[in-house]
Amino acid sequence: MSVFHVAEVVDALQEVRQQWRERQRRALEPGGRDLPAREALAEVVETLKGVLFPMRLGPPDLRQESENFYVGHALDAALHALLAQARLELRYKARHAETDHGKIDAHALAAVRAFSARLPAIRSLLDSDVLAAFNGDPAAGSVDEVLLCYPGVLAMIHHRLAHELYRLGLPLLARIISELAHAATGIDIHPGAQIGSAFFIDHGTGVVIGETAIIGERVRVYQAVTLGAKRFPRDAAGNVEKGLPRHPIVEDDVVIYAGATILGRVTLGRGAVIGGNVWLTEDVPAGAHITQAISRHEVRAPAGARGAAATAAPDAIAAGAAR
Amino acid sequence: MSVFHVAEVVDALQEVRQQWRERQRRALEPGGRDLPAREALAEVVETLKGVLFPMRLGPPDLRQESENFYVGHALDAALHALLAQARLELRYKARHAETDHGKIDAHALAAVRAFSARLPAIRSLLDSDVLAAFNGDPAAGSVDEVLLCYPGVLAMIHHRLAHELYRLGLPLLARIISELAHAATGIDIHPGAQIGSAFFIDHGTGVVIGETAIIGERVRVYQAVTLGAKRFPRDAAGNVEKGLPRHPIVEDDVVIYAGATILGRVTLGRGAVIGGNVWLTEDVPAGAHITQAISRHEVRAPAGARGAAATAAPDAIAAGAAR
Amino acid sequence: MSVFHVAEVVDALQEVRQQWRERQRRALEPGGRDLPAREALAEVVETLKGVLFPMRLGPPDLRQESENFYVGHALDAALHALLAQARLELRYKARHAETDHGKIDAHALAAVRAFSARLPAIRSLLDSDVLAAFNGDPAAGSVDEVLLCYPGVLAMIHHRLAHELYRLGLPLLARIISELAHAATGIDIHPGAQIGSAFFIDHGTGVVIGETAIIGERVRVYQAVTLGAKRFPRDAAGNVEKGLPRHPIVEDDVVIYAGATILGRVTLGRGAVIGGNVWLTEDVPAGAHITQAISRHEVRAPAGARGAAATAAPDAIAAGAAR
Amino acid sequence: MSVFHVAEVVDALQEVRQQWRERQRRALEPGGRDLPAREALAEVVETLKGVLFPMRLGPPDLRQESENFYVGHALDAALHALLAQARLELRYKARHAETDHGKIDAHALAAVRAFSARLPAIRSLLDSDVLAAFNGDPAAGSVDEVLLCYPGVLAMIHHRLAHELYRLGLPLLARIISELAHAATGIDIHPGAQIGSAFFIDHGTGVVIGETAIIGERVRVYQAVTLGAKRFPRDAAGNVEKGLPRHPIVEDDVVIYAGATILGRVTLGRGAVIGGNVWLTEDVPAGAHITQAISRHEVRAPAGARGAAATAAPDAIAAGAAR
Amino acid sequence: MSVFHVAEVVDALQEVRQQWRERQRRALEPGGRDLPAREALAEVVETLKGVLFPMRLGPPDLRQESENFYVGHALDAALHALLAQARLELRYKARHAETDHGKIDAHALAAVRAFSARLPAIRSLLDSDVLAAFNGDPAAGSVDEVLLCYPGVLAMIHHRLAHELYRLGLPLLARIISELAHAATGIDIHPGAQIGSAFFIDHGTGVVIGETAIIGERVRVYQAVTLGAKRFPRDAAGNVEKGLPRHPIVEDDVVIYAGATILGRVTLGRGAVIGGNVWLTEDVPAGAHITQAISRHEVRAPAGARGAAATAAPDAIAAGAAR
Amino acid sequence: MSVFHVAEVVDALQEVRQQWRERQRRALEPGGRDLPAREALAEVVETLKGVLFPMRLGPPDLRQESENFYVGHALDAALHALLAQARLELRYKARHAETDHGKIDAHALAAVRAFSARLPAIRSLLDSDVLAAFNGDPAAGSVDEVLLCYPGVLAMIHHRLAHELYRLGLPLLARIISELAHAATGIDIHPGAQIGSAFFIDHGTGVVIGETAIIGERVRVYQAVTLGAKRFPRDAAGNVEKGLPRHPIVEDDVVIYAGATILGRVTLGRGAVIGGNVWLTEDVPAGAHITQAISRHEVRAPAGARGAAATAAPDAIAAGAAR
């Protein structure tokens, strides 16, 4: 007999699973896994990085003169792998309905085709993000360094791919791809967020951007910035209403410094600058500079000296950037 | 001769190691490694995930009708691997004492046995966490999506396993398991923290929960929330006193929004709601809603307009959630 | 024909690449990759960890009596691999100049040699960091637990190696090594930062330390602390001036609690203590204790009770540490 | 342009493939691979070895008390993987016919089910083979050594599995499994051969056993023995007739020493012993001992001595075994 | 101190290496490995198999409509990897001479270029080999089965690639590729052998074909056939003369059955058939059928019966084929 | 329920295992695997190859100036891994006896220590084998080519290591190591065989050398040579007597050509030459040349010509070597 009473634990675990499945009204019919797989999508994204930037993120032994061969082969493989995952998501979504598998598969095919056609545009957008990072960070040595090193750029590669899938009706695939970037960078962008070109996230850890956020062009944000919801509107029955716009609109050329929190469907006007740690739940006019009004702190002097409360007028816009 | 003077560097490194070992009063007798291994524990946890959720986190080719076979085999393997690590921790802890290896090994065996018996209860708790996330997040499409994607759920799987080991006298194994989740999610929960069922962490990056924190049922926290200590009490000799309760008690149904910091052995009463970025070092009565009293900021208008200091009464509870 | 019109997408992607390369004035001559590789450096660092701490971070089957053999072999391999990457960085930097490859390679060799000679000193510094963590954290069970588990220690291993490379004229290699730690720990230390011995980062997620920061000995910082720049000075032409000192100087024995933000070339005097969430843009005298002057928040009482605005005098230094 | 004129070679290779496909009348419609995969079958067999001999050929960390869990899980996985390959073979075979996929899949399922039911009998047969080797080889230290080391036993594991698949109408899967053993051992047994229990092949390199061979119980053969066909009978049209019995029948308790060649549908009677290097194309009565009639060789003496042709009457049965 | 006296063994091994190097007159200057690597060539050949037969031996997820992309990318990678190995061989060969590295590299490049141009012709030849196996073996179910399963075909893929390299002045690379096939199949073909189209080796284990052998079209050989040298001619000084023709010439349509040994520069005339186990050191006229003249063996009857020496006139051509 | 009735098959397999264990009188007590592992020994041998020939068979990035570091580290790791396997063999052998584990482990340690001390001598012997191959094969381009390519050399590396273990009382480890070479080369040398220096096996497939064979210096053998036993002597009780000398003695400078079979405790005198395919069961005087006395074969002329039986006096010594 097992020293660990394995058989008993196995039975007990089965019972808990049973309860869960009953509560979830899961069919108990035999069969294999029916959900998209994180590992499979991780590989798809890894391949698509090479498709988008063959000489930088593709296989190390690739040569420029043969880029197209590689891109073609890798793209074809990635799209077919993605198609398989898309089918899984769509079939899973339709699992309670009387649905025609043929229709679902046609939907999946159409979605992946449309996705494929968007890749050149995605590359263009990512080029603009890379340039924005290069221009926005005095410490950046070259555009290649930016592409290789910056977590913000990595997060945007994932986001721009995920957002396309979200738009095409594959929100679960999109979400998995976003969370892969979240795990790698600490940057959490919901795949629904709409983000214009030349977006730059510096440092990035702790950034959170919500599903209905709309971000213009040439916007810059620093670590720990939240573009969140203020509250979840509920309908008459008390249920959270889904899909309502509830996150900020950030117009072109806005800069948001580290730790700032912007909540609700407010609008930050074109060119506004939001100081570090600012907490905002209202609109900001174009061109305005917002800072914490008071940075009071109490100084207890060292032994023998006199403590004093001081109100420091903060220095205009305190960047909070560590470059 | 080596271009890098390797032999000299080797000697110098040996000398530094020697100094360290002497200062640490390490025995210099030969032998192999005597500490638990991060990689081994990572594999144990990976297997236990499949044991707890076979059709979601187990091997991709598993089929429902054969779950128990897989669960039994994987569980047995994981428990024996865990036992080996438990022995290492206990022997290491007893390395300066005259201790009977037989006794230590019996202790390890008893601990892993008790751990094994707790797995069904852990699965139940995790089911409640998954449901809490599904119900708490309007963007969640299904409980399966929650299990696959949410970093908060991943952190709780690690925590609930680690906490059990912590309770059973294996704090180092517990800590390693917690840090594995910390690295993957940015969520740092000390394995000592006691957390009730249906706990939901949204976004999660930057959450820190201390060793003696006690959290009730159906509690929800958002990114960058700290449940920390205010100060470390010291005894007469000036040494930090260990093990004293020094982190918050959070009662049932409390919600803590993003960036809030709660420090010290304070109690947040049942159903309290703590607004984003609030800094708290005192008790909060049941049902209370705490918000930043003043969200002042200074607006410098664009050229030609008039600057104005505005005091914005923040909108009740600003969620800070990005969903 | 491909269901995904792969050939057309390949052509469109080529065109976007072409545009990018033209805008970047890239030579279009054939050839392989010419940049340092993240994977290669990850392996170098992994090996160097074993070189520095053979019995803790080296191969699991290593035995103390044979440490030197391992250290010698692993060091030699790591240095040659590093040399290859160093050449890539230096050649890349010189790609637009008429440069003698021989000279570049000699430079690379000299740099790696100097790096190698610094390893014993780096090990000493890391020993002091480990001890500082052990002494600073009441929850730490042993120095070995600290080395195995603490993300702050991992970040410092990377930083101390990266900083050496930065000083030796290899900033890109240094940056890649730093970002590897950033991804694993959420701690973002620019390789240019100068950090004294016995530095301790607790929890760590969200810590950002800028390029020109100077940190003394025995300094302690907690999660989400930023040592950043206040603004980027620009020259007459409006270009950001590079390399100017723009981050804080932190003198010996300073403690900075969680979430504090220190911006600009300010000096925190020896022994100063900065409270949690403090926002600072000015000098602090030696020995001073800085706390948020006001921790006002508004309490809305539960139904039937009376709401009250309360001003809580915060408890001196609120640690924000979760231990 | 590529230094290797890759594009031109690609075109030329396409043309050759085109010619081949036309000559083979292959449909040129797009699609993925449609043949069973050697790698997949290698994995199936690897798993089945563990299913048959869990404590010897299963995972190294398996424990006897949990064998059944492992066997159940591994068996289920292996059978589903085998089912997928069986479908591929049957669909491929039917590729030119108007065939109902449902029927094919039902056939595949039935075959794998029958295969599964035969596994206990296969294990019994293999046990008899192991014992035969142990008893037949004075050098064998234990039955476990035989199972671990003897190429003849490895070949029989493959053969007994492959033969079952061959019987069930899956000759291509069977053949691939046989060739995997051939590559590993140099023993080439056609999956069609019928082999009784307690079969022992010593050394084994170069053994060849044909498709219609029938071998009784307790038969022993040594390296380089061929049980082959003498000629291929042709029908009136001059085509080779398939499936006709054309290989030897070897009755119970026969021994065939190294290098002997037995060709055609001859019968070796019960208990016959065939000497090394004998070339046989006719029946042998039960109990007979066959040896090379003449082992003449010419001895050229060393310088100064006298050469002599000698006829050596060979020593009854020369074993040729190296044990 | 090490329980195994490792340091002493290390010293003793160094001394033996030293002696070897001195005897071999090796330079003792530091440096890395300078020989082609078996692993690298194994990977090149693996890739080239996919280049030659993309839908059969290429990546499992390849689709016909994207073959050219894959072929182009894989070919480019394989040729550059081969070029690196070619440089190693040529530099190694020239290690004692005052040789210009530029010249050597140009030679390597030219050789690999020529090799590349030959690939379509090699594919054609291999197609003829596959067809020959399919036609020659009644048990073969399809040309695809032949390509997937037959060791003889695997050996010919390696040989036809290796022979090209041999011709292009890269005999060491060629030899390594041949030995990879030898290890996998037991078929040992020297890369120098010239082999016409539609060559079929059945079973194959133990086949040996020498360097100067010349084989015509549509030749068939069975297992354990040797086409060897009779003796090594020596020059006046007693040294073996290299490169002299010393292996058989086998004209078109010859069949050689299992175990036959043909030695020396003899010619087997067009259409000749050599019986199993025949030992031949002289020419054979076209169309002749050679068999062992006498297949005498002695039968010792079972107890009570009468022994009899029998001369069996062997049945014309005894195939020795096990199909 | 499982489509494959897995549970029933699991039960049936358990029953068969049960029967086997009962027949084998196996204890049925729980526990893990107790036999040496093929994979572990494969890794040990792989490492020892690098220890013996660091710049040729060691890690590809090794450099000559750091050989000793590598050799020391790899040797230490390999010896400890071997020690673990040696313990397993000795404990397994003693499993029925009342044996002191301490004694067994001491035996294992002593054996591995003695093995370690023999490694320099083994390297010397292998150097002589490499030289013998280089001198004996006109096609060999360099000693390095021989070491990299020749299966005979690979077999001897395994043999010389295995023979040492055999001598030290670890026959099972020895046998596993021999069979690893057998699988890779088709050369089957029993680890008990005693083989002098400068031994050369050409081509090698099918060579079999028995346990009590004794081979002198500078001996050369070709493919398919057997040095076997003629019969197994039995004692009064009819049991095979183990350990009696039963294989040939081959004195210095003997050459044995392809396919020759030498059986029994005969002696081939110094300098004897045994022709291809010769079958020998008696002593051969020093310096003698043995050839097949008659190479008769029957030639059936092509249609219209006259058949003729010819007796070909074979050409002295027919080498059978394919070089």
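Letters are used for the chains, namely A, B, C, D, E and F, taken in the order the chains are written, and counting of residues starts over at 1 for each.
By our rule, a residue touches a chain if its C-beta (ideal position, glycine included) is under 8 Å from a C-beta of that chain, and two chains touch if they have at least 3 such contacts.
Because the structure is a prediction, the values reported are computed rather than measured.
Novice: Compare the CA centroid of chain B with every other chain's and tell me the farthest one.
Specialist: E
Novice: Can we say the copies chain E and chain F touch using the same residue numbers, with more than half in common, or are the two sides different?
Specialist: Counting which numbers both chains contribute, under half are shared, so the two copies meet through different residues.
Novice: Suppose each chain is reduced to the average of its Cα coordinates; what separation in Å results between chain C and chain D?
Specialist: 60
Novice: Could you please state the distance in Å, as a whole number, between where the Cα atoms of chain D are centred and where those of chain E are centred?
Specialist: Their C-alpha centroids are separated by 23 Å.
Novice: With centres defined as the mean C-alpha position, give me the chain B-chain F separation in Å.
Specialist: Roughly 55 Å, centre to centre.
Novice: When you check chain C against every other chain, which residues touch at least two of them?
Specialist: Only 1-3, 6, 10, 30, 32, 61-63, 65-66, 68-69, 71-72, 76, 80, 186, 205-206, 224, 292, 316 qualify.
Novice: Which residues of chain B touch chain C once you look at their complex with the stated criterion?
Specialist: 2-7, 9-10, 12-17, 19-20, 24, 28-33, 35-39, 92-93, 171-172, 175-176, 179, 182-183, 186, 188, 190, 205-206, 208-211, 213, 224, 226-232, 240-242, 247, 261, 263-264, 271, 275, 278-282, 284-294, 316
Novice: Would you pull the chain B residues touching chain D in the complex into a rising list?
Specialist: 59, 61-63, 65-66, 68-77, 80-81
Novice: Note which residues of chain C are touching chain E in the complex, please.
Specialist: Those residues of chain C that touch chain E are 1-3, 6, 10, 32, 63, 65-66, 69, 80.
Novice: If you look only at chain F, which of its residues touch chain E in the complex?
Specialist: Spelled out, the residues of chain F in touch with chain E are 51-52, 54-56, 60-65, 67-68, 71-72, 75-76, 79, 109, 112-113, 116-117, 119-120, 123-124, 127, 138-139, 141-145, 148-151, 184-186, 203, 205-206, 223-224, 258-259, 276-277, 292, 295-303, 305, 309, 311-312, 314-323.
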